[in-house]
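One chain, chain A, links the two complexes that follow: it is found with chain B in the first and with chain C in the second.
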Partner chain A sequence: MRRDAFSDIHPAVSFALFAAVLVLTAFVLHPAVTGISLVSACIYTIVLKGRRALLFDLLAVLPFIIVVAALNPLFNHEGATPLFYLWNGNAVTKEAVVYGLVSACMFAALIMWFYCMNAVMTSDKVIFLFGRVLPALSLIFSMTLRFVPRLVSRIREVSAAQKSTSPPMKKGVVSGVRHGISVISVTVGWALESSVVMSDSMRSRGYGGRGRTAYALYRFTARDALLAALAAAFTAAFVWAAASKAVYFRSYPSVKCAPMSVGAVIGLAAFAGLCLMPALLNAWENVKWRILSSKL
Partner chain B sequence: MANFKFEALTFTYPNGPAPALESVDLSVRDGEFLLVIGPSGGGKSTLLRHFKSVLAPHGERSGSVLMDGVPLSDVPEREQAAKIGFVFQHPDDQLVTDKVWHELAFGLESLGCGRERMRVRVAEMASYFGLEGVFHKDVAELSGGQKQLVNLASVMAMNPSVLVLDEPTSSLDPIAAFDFLTTVKKLNTELGLTVVLSEHRLEEAMPFADRVAVLEEGRLTAIGEPKAVAEELHKRGSGMALAMPSAARISCAIGCSPAALTVNEGRRMLRSMGLARKTLPETPAPAKGETVLRAKELFFRYEKDSPDVLRGLDIELRAGSVYGLVGGNGAGKSTLLKALSGSAVPYRGRVEISGRRMKGRFSAFEERVGLLPQDPRTVFYPVSVGENVKKAAAGRGAGEEEIERIVSLMGIGSLSERDPFDISGGEQQRTAIAMILLTKPRILLMDEPTKGMDAGVKRAFGLKLRELASEGLSVMLVTHDTEFCAEYADTAALMFDGSISAENTAREFFCGNTFYTTAANRIARDIYPNAILTEEVTALAKRG
Partner chain C sequence: MQNADKKRLHPGVLALILALLAVPALIALGVAVWDDRRFYIVSLLIILVSMAPFVLRFEKRRPGARELTLLAAMTAIGVAARAAFYMVPQFKPMVAIAVITGVAFGAESGFIVGAMIAFVSNFIFGQGPWTPWQMEAAGLMGLLAGLIFHRKDGSLPKLLPLCVFGGLGTLILYGLIVDTSTVFTTQKEITWQALTAAYGTGLVMNLIHAAATVVFLLLLARPMLKKLNRLRVKYGMLQ
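Let's turn to the complex of A and B:
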């Protein structure tokens, strides 16, 4: 992953922003909104992963959109405006085509936002966020993250050690299963024993007492406050525009879109601001670095 | 700060045949560095666990443990959690969380420490222990030494007044072990922290200790200043005398008092005696048996884009010989063993067993190559030691007689009912070796076989190894233990940067090195340039 300015902000803010973008994208089905969300997500994946992301966007996301957009009108025949009729007499309607296209873009946008979120919200951040509310849960999460790779590497070690103590695995399912069982059984013995030591180590360091707290790896800075306020303002403006139907779109029974108005412009601009915030933050930081290094 | 007093402490494990601790009277003073030594299974861990109520084992107990004059059982658990720091043996098992920062904070989180205070404590620990560079890393990425340092730091974050360490360096290489012990000593001198440490590495640990307590078969058999204890053990002819640092063994054997502890003290002592310069007669090169295992220009790396771990390595193992391979961490020693036993496939070069070229991931079992892995626990099934041995014997149909012979050879007869995960590190090592020997290998590859063995066991093991070699087994051991290598290997080699950079008979090899050599050689090299064992130095010095 490349250096990403948005990943440096407080996890509560980045999490809230992702949550807002995801919820609004999922619930406000409007070509402009979906388009803005999809384009911003594409831009941000490129910021995060570079050119490879562009390839991913073109080779995976675009076909996905085409397939989903094509499927809807084939199976859904609601809507008032038939475009043409299929061999079995079912109508392909304008409404179904539009709805299919918009919802396909919406799903694609959600997938890409999740992809970004996955890259930005590292385990540390998730643990931190959980830790504020449920310290015990965040500990379990952290222990699981440690245990799983350990188990896998242990299985590998045991399997290597068995090569010299037991006959080679013969071909066939039975022999494979037998080999698997013996590796697992050795690994389980180790896991049980090491869990005893771990529990000693935990109790020895006061685990189980009341009032567990969580270490705060992140600080809430003035910049985080500013970004949070900005995100909140954008969200509020967009929600107001959507609630007052200044930004409004429906597919069925007939395609209908609210006309362009001051309210719609404000609402859509606010949503674009929200979605582009991660990318803009990076751009802003790039400009600053450019200026700083040109002064050197 | 804290002091401890054990009064007539006797403890028996449930179903234990004899008490694990028998009327132990021990006082630990404020700010003292107390080293607890003794053979494995002598009760060191049991004693150390009595320093903290939550760790005290279940069983029958009499006598008392006082902390600062108060019975330990009356000290609230919360207070004990913070005040008594405990570091265990296995660096990996005692880590709880996935990240270094989280591990450092774990104890403070448990105690419900406030946010700002926690931040300060964790920051302090990370910088004192030099962990800034790994602060955000996964613990899985750390080396063994770094892991143990994280364990120490995460205990120190709770600001304890006493630190109890149960063989903390037994799975570390000598350099990491020395760094770790030095850090512990620093805490002791700079913070006045009371330290109770149990150790097998006395060469390094003895000079650090204020007092040494010797625990044999559950009894405290000697306690006092290191030099006095060394002399007393020698006088008594105790088995523990073997475990003393080389300088102490030499000075006691030639009757110098006070005993020397460090290499430097030993050198000064010998110099002051005005001994004549002597060389030992050349040992004849061992008779060359047929080549059983040969590697030719091996190249290996783990991933396509990662650096080579083995680069053009040549090695040859002859029938009935013991080949010792030393070298720093990351020199590729363990990888070499993997390549020789068929679990790592070199991308160039060849491995030959008895002249036949091996292809791909060959079966070590079929080629009769036994491999003792770095962690012996990887070969144990969750059944008793006896059952494990039987299972291993079944692989090649070794009979009752053979089992009995190997079991008594490795001295694990008394363990047959025990859980292999519950015995000491040295005992685990021997059990694993017995299991591997029962698959009737012709070649035995061993990764750090003497790790966690005490001096007595190590000697017995070395002698058995020679016995097996004389029966025709070819042994290759990868080790950090130069003393063991000097004493029991015919040929020794140094592995560096993925290939063998020097190979010679063990004597020539060690007396030619400055760093990779035995302490005895470093002590006496000016007057006895080719003596490498303490016994040789002693014998020469006694003759005057």
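Let's turn to the complex of A and C:
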């Protein structure tokens, strides 16, 4: 992953921004909104991981888009304008095609945003955010993340040890499976036993006592407050525009979109501002860095 | 609150009350404003609210260190096992591990481990709109296994009914929940044709998944339950 300014801000702010973008993208089905969201997600993917990763992610999303876009007109025959008729006499309507295309792009945008969120909201941030609200589950989460690589390296060790101590393995599927099962059995036994040792150690070090502290790397700075206020203002403006139907789109019974108005422009601009905030923050930090280094 | 010991409302209870109040309001809002997306919104909210009681109850009784580390170990085994079978599509041991946990530790732990395996392994396989539904489905399988097969004295269940339960549960319950979520996420109106199409296209995947659950239960259930029983004898756990 490349250096990303948005990853350095307070996790509460980045989490809230992702949540707002995901919820608004999922709930407001409107071609412009979906388009803005998808394009912004692609831009931020380039910032985060580069152009090749964007191509890779888009290729992974493509099958979903095709299935979703094709499924709706095939099974939904509502709508006023039939385009052509299927072999069983059902109409494929313009409305159903439009709805299928828009919801396919919405689906793609959601997945692209989830990819970005995966990269930015690392496990330590998840624990930092939810450690107070859900202490037991966050602890299970963080211990699981530590256990998995330990399990994998243990499996390698056990496998090597078994190969070196037992008579040379015969070739073939059966002996391979038998070897695999015995390795897994040993490793699972070890994992369960070591979890008991771990819990004893936790207890002797005072787990469950009062005054639990958290390893907190993040401080809520003035920049975080400014970004949070901006995001809240963008969200409020867009929700207002959507609620007052200035930003409005429906595909049934006939495709209808609210005409461009001042409210629609404000709402869509606010949504674009919200979606582009991570990428713009990076651009802003780059400019700041150029200015600072040119003064040297 | 009149009771002295109930002076401070537990934040979890507060969240639950808020959620229960918020759902009808959001359903009304969804119908009024977003008539295009109301199935998606309402179904997502119901999933989240139905998970909340388990989570809050679990958090509220403040589980001890031994329980937490054991549940984490079971979750890690499930995640590692899912990662190990990465190359085979849909051949996932996730449900089998949740079922075994439910049998050994009871319904609540089965739910927690099933949901956590789905959540954590999706950090590897990709989070998405499907994550809450997968969590709910795998959690419910662990929950049901605990309700049906969990015995306080730790006696092992018969393998045949366990495998039948695992196979049918994966095919019907898990498959139904996850396939329905696809329709809810992408369709405007829920029609029987769309549902049957989703179940039809999902059937092969669900059959593979069910077969995987049966195979893993056949291979893993006995030895793992014996190991867990050994922990009970050796350390006096799971009483």
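What we mean here is this: the second predicted complex is superposed on the first by the 262 of 296 C-alpha atoms of A that agree within 3 Å, B and C clash if a C-alpha of one lies under 4 Å from a C-alpha of the other, contacts with A are read in each partner's own complex, and residues count from 1 in each chain.
Just so it is clear, a contact is a pair of C-beta atoms (placed from the backbone, for glycine too) under 8 Å apart; a residue touches a chain by one contact, two chains touch by 3 or more.
Quick caveat, the model's predicted, so the values are computed rather than measured.
Participant: Taking the superposition on A as described, I'd like to know which of chain B and chain C A:G206 touches: first, second, both or neither.
Facilitator: After superposition on chain A, A:G206 lies in contact with chain B alone.
Participant: For A:T165, decide between first (touching chain B), second (touching chain C), both and neither.
Facilitator: A:T165: touches chain B, not chain C.
Participant: Regarding the shared-chain residue A:Y99, is it in contact with chain B (first), chain C (second), both, or neither?
Facilitator: After superposition on chain A, A:Y99 lies in contact with chain C alone.
Participant: Once the structures are superposed on A, label A:G189 by its partner contacts, choosing first (chain B), second (chain C), both or neither.
Facilitator: both
Participant: Is A:R178 touching anything from chain B or chain C once the two structures are fitted on A? First, second, both or neither.
Facilitator: A:R178: touches no partner chain.
Participant: By the touch definition at the top of the document, which applies to A:L151: first (chain B), second (chain C), both, or neither?
Facilitator: second
Participant: In the overlaid three-chain picture, which partner chain does A:I127 touch, first (chain B) or second (chain C), both, or neither?
Facilitator: Only chain B; A:I127 stays clear of chain C.
Participant: State whether A:Y215 touches chain B only (first), chain C only (second), both chains, or neither.
Facilitator: Once the two structures are laid over each other on A, A:Y215 reaches chain B alone.
Participant: Touching chain B and also chain C: which chain A residues?
Facilitator: 123, 135, 139, 143, 145, 150, 185, 188-189, 192-194, 198, 200, 202-203, 207-208
Participant: Would you pull the chain C residues touching chain A in the complex into a rising list?
Facilitator: Those in contact with chain A are residues 11, 30, 33-37, 40-41, 55, 58-59, 62-66, 68-73, 75-77, 79-80, 83, 112, 116, 119-120, 123, 126-129, 185-189, 191, 193-194, 197, 219, 223-224, 227-228, 231, 235, 237.
Participant: Which residues of chain A touch chain B in their complex?
Facilitator: Its residues touching chain B are 123-124, 127, 135, 139, 142-143, 145-146, 149-150, 153-154, 157-158, 160-168, 182, 185-186, 188-190, 192-194, 197-198, 200-217.
Participant: Once bound in the complex, which stretches of chain A touch chain C?
Facilitator: Chain A reaches chain C through residues 26-29, 68, 71-72, 74-76, 78, 99, 103-104, 107, 110-111, 114-115, 117-118, 123, 133-137, 139-141, 143-145, 147-148, 150-152, 155, 181, 185, 188-189, 191-196, 198-200, 202-203, 207-208, 242-243, 249-252.
Participant: Any idea which chain B residues touch chain A in the complex?
Facilitator: Counting only chain B, the residues touching chain A are 52, 54-55, 77-78, 81-82, 86, 88, 90, 92-99, 101-102, 105-115, 118-119, 122, 136, 138-140, 151, 154-155, 158, 338, 341-343, 363-366, 369-371, 373, 375, 377-382, 392, 395, 420-422, 435-436, 439, 441.
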